[in-house]
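Take a look at these structures.
You will see chain A twice below: alongside chain B first, and alongside chain C after that.
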Partner chain A sequence: MGAGFVVGVLGVLFLSHAAYSTIQYRSLLKITEDEFTGPPINVVMELIAGLVLCMWAALTVPGKFLSILPQSDENRVVALPSNLDFMIFNHRGKAFPLSIDAKLK
Partner chain B sequence: MCRNSVAAVLCDTAASAFRVGGRSVCRWRIYVYGTKSLVSSKRREIRREKAMASRDESSVPRKQSSDVADEISTFNAENMQNNAKIIYYSRTFMSIIGGVIAGILGFTGLTGFIVYFLVMAITSVGIAAKAGFSVLPYFNSWNQILIDGFLGGLLSFVLFWTFAYDFVHIF
Partner chain C sequence: MVSKTEEEQVNRLEGQVENGGGGEWEYLCLVRKLKLRRSFNVLKYGLSILNNPKKRSALGSEEWTLYEQVAIAAMDCQRLDLAKDFIKILAEKFPESKRVGRLEALLLEAMDLWEEAEKAYSSLLEDNELDPVIHKRRVAMAKAQGNISGAIEWLNKYLEIFMADHDAWRELAEIYVSLQMYKQAAFCYEELILSQPTIPLYHLAYADVLYTLGGLENLHMAKKYYASTTDLTGGKNTRALFGICLCTSAIEQLTKGRNKDDKENSQLASLSATALEKDYKQRAPNKVSLLASTLRSLKLSS
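After this line comes the complex of A and B, so read on.
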């Protein structure tokens, strides 16, 4: 959480510095009366670096993926739901073939 | 469609059908009356040589068992929600960052939306990499990783795109 957050803040700082550089570049263009076709190449490099850093932060800060399979190691203990009408148990009874042909005697 | 005549069993004929390994497997949900628990069956076909010899009351011909693997019917719902939340946060944050970048670069019109789709595609690749390029222990299908939240961040993107463009190029 800590390292990813710092990387994210760093990426946002890169982006704001790139924005500031672009503002200065535009004021320079106003003086020389040129058209704005795109920011200078170092600003583009800075934007790409900021994008990479923010991508890293976006993937690491929210947390890790957790396994959804019921038989993985960290999912063994199941909490009983508060609604007692519908409970789903994961036990070995599923290994038996279901006898759909059984009749009530 | 329910062939057995057990009086205490209600068959839900509108059960969902899933595709496992290219074949459709019908899952029946059988509500056992009185015990208030939900039991879901795995498959309808039982091996002929395993069941017929020991039963003397059934004369209904059975199909051969298929080699479709049994599908796990219950997933850990809390973890599924957790994974979906993580994907949502990642996509939202990357939409905002993509908006700021599109504004700084000065894109107007359709080229900005190209930036959005590009950023979302990169985010999808990143999420797939985070899940280890295998769908199974974390998600149900590839659609949840690659396609699900794709257009969700569009409005945030446009908002921050407009902010950044105004901030850098107009004021």
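After this line comes the complex of A and C, so read on.
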């Protein structure tokens, strides 16, 4: 958990640094009165790196993913609940009462 | 709807508690949530919790639910004296409670005092005309006295009012199957599948009833429903796989001369046969030869 968390924080830092450099680049362009066609290449590389790090952290930090398919091995229905509303006590178990000592108060 | 993980959890907890490893309260909660009928264990471990004043006070307000659960388990294990004690304690704590009144009537049922129980239920019904649990208990009483047709009558009346109660539909289907009234049972299972289409066990039961009814149409439908059961359980339900093989061989016997759609029929059957063999090799390797000879006789019987 710790490593994933650190990677996530690193990714967020990368992204915010890329945003800051883009803003700086735009103000530079305003001084030289050039058009803003897109951020410089190194900012794009930084963005991609930040994206990869954040995605990796988002997938590893939450822990084990649960299966959602109803026919997967964990989720498949194995038995129905016994119909307790219609339970009758008139069964063969009447002949074998549970023999443990009575309740203490 | 007990899933595989839940079943493993219950078995693990049961083993743990039996070997004295603690965890009784979780076991009892899980049994209550999954609505399993393990009265022996519930009574034993519930008593151990209730006799221990420290553990009892640790439960807080859930103590009373535990009393109810253990009272019903005691009735199931035919320890009516214990059940009487539990219900007395509950009645002292919650006088004039309908839930406790129901438990008392249940105790009368367990003691085989049918008229008194009937009277108690009718008096409880006077206060609340549409209490589904009491209606269901009346059906159960008729069933316990051996009056199956009376039970069917009561259950039909109940289902006219509460059409969405799938437990009642299931009970009606099982009663019809026990009386061999398969067409009515098929109707009940159809209702169940309509309301809960993702539970494979209803498909399986419906397919079983259709296969029992027989006839070419029903066999085709049964094969389809066995196939859908296999789909919904990821191929792990052995009974459905066997059902597919048996249906295919029965259909082949009925349509001896006419060879239509042979390819897809035989594909499905051979696939399920392969799956069965794999399953048997894994779980019961000494029975693989028995299975192989059975499957061979099914395929060659035409």
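Some notes on this structure:
As a working rule, the second predicted complex is superposed on the first by the 65 of 105 C-alpha atoms of A that agree within 3 Å, B and C clash if a C-alpha of one lies under 4 Å from a C-alpha of the other, contacts with A are read in each partner's own complex, and residues count from 1 in each chain.
Following the convention adopted for this analysis, a residue touches a chain if its C-beta (ideal position, glycine included) is under 8 Å from a C-beta of that chain, and two chains touch if they have at least 3 such contacts.
Keep in mind the model is a prediction, meaning the values are calculated, not measured.
Once the two complexes are laid over each other on the shared chain, residue contacts for A:Ile31 go to neither chain B nor chain C.
The larger set of touched chain A residues comes from B, when the choice is between chain B and chain C.
In the superposition on chain A, A:Ile23 makes contact with chain B only, not with chain C. In the overlay built on the shared chain, the residue A:Ile41 is in contact with neither chain B nor chain C. By the touch criterion defined above, A:Gly63 reaches chain B but does not reach chain C.
Residue contacts after overlaying the shared chain place A:Gly11 against chain B, while chain C stays out of touching range. Shared-chain residue A:Cys54: touches chain B; no touch with chain C. Once chain A of one complex is fitted onto chain A of the other, the partner contacts of A:Ser72 extend to both chain B and chain C. Overlaid on A, the two complexes show chain B and chain C touching the same residues of chain A, namely 69-72, 75, 84-90, 94, 97-98, 100, 102-104.
Taken in their complex, chain C has these residues touching chain A: 1-5, 7, 34-37, 40, 43-44, 47, 50-51, 72, 75-79, 81-82, 85-86, 109-110, 112, 133, 136-137, 139-141, 143-145, 167-168, 170-171, 198-201, 231-234, 236. Across the interface of their complex, chain A is touched by residues 3-8, 36-38, 41-42, 44, 46-47, 50-51, 55, 57-58, 60, 70, 72, 74-76, 79-80, 82-83, 85-86, 89-90, 93-94, 97-98, 100-101, 104-106, 119, 122-123, 126-127, 129-131, 136-140, 164, 167-169 of chain B. Chain contact summary for the complex, chain A toward chain C: residues 69-90, 93-94, 96-98, 100, 102-104. Residue ranges of chain A in contact with chain B, taken from their complex: 11, 15, 18-19, 22-23, 26, 36, 38-39, 43-44, 47, 50-51, 54-55, 57-59, 61-63, 65-72, 75, 84-90, 94, 97-104.
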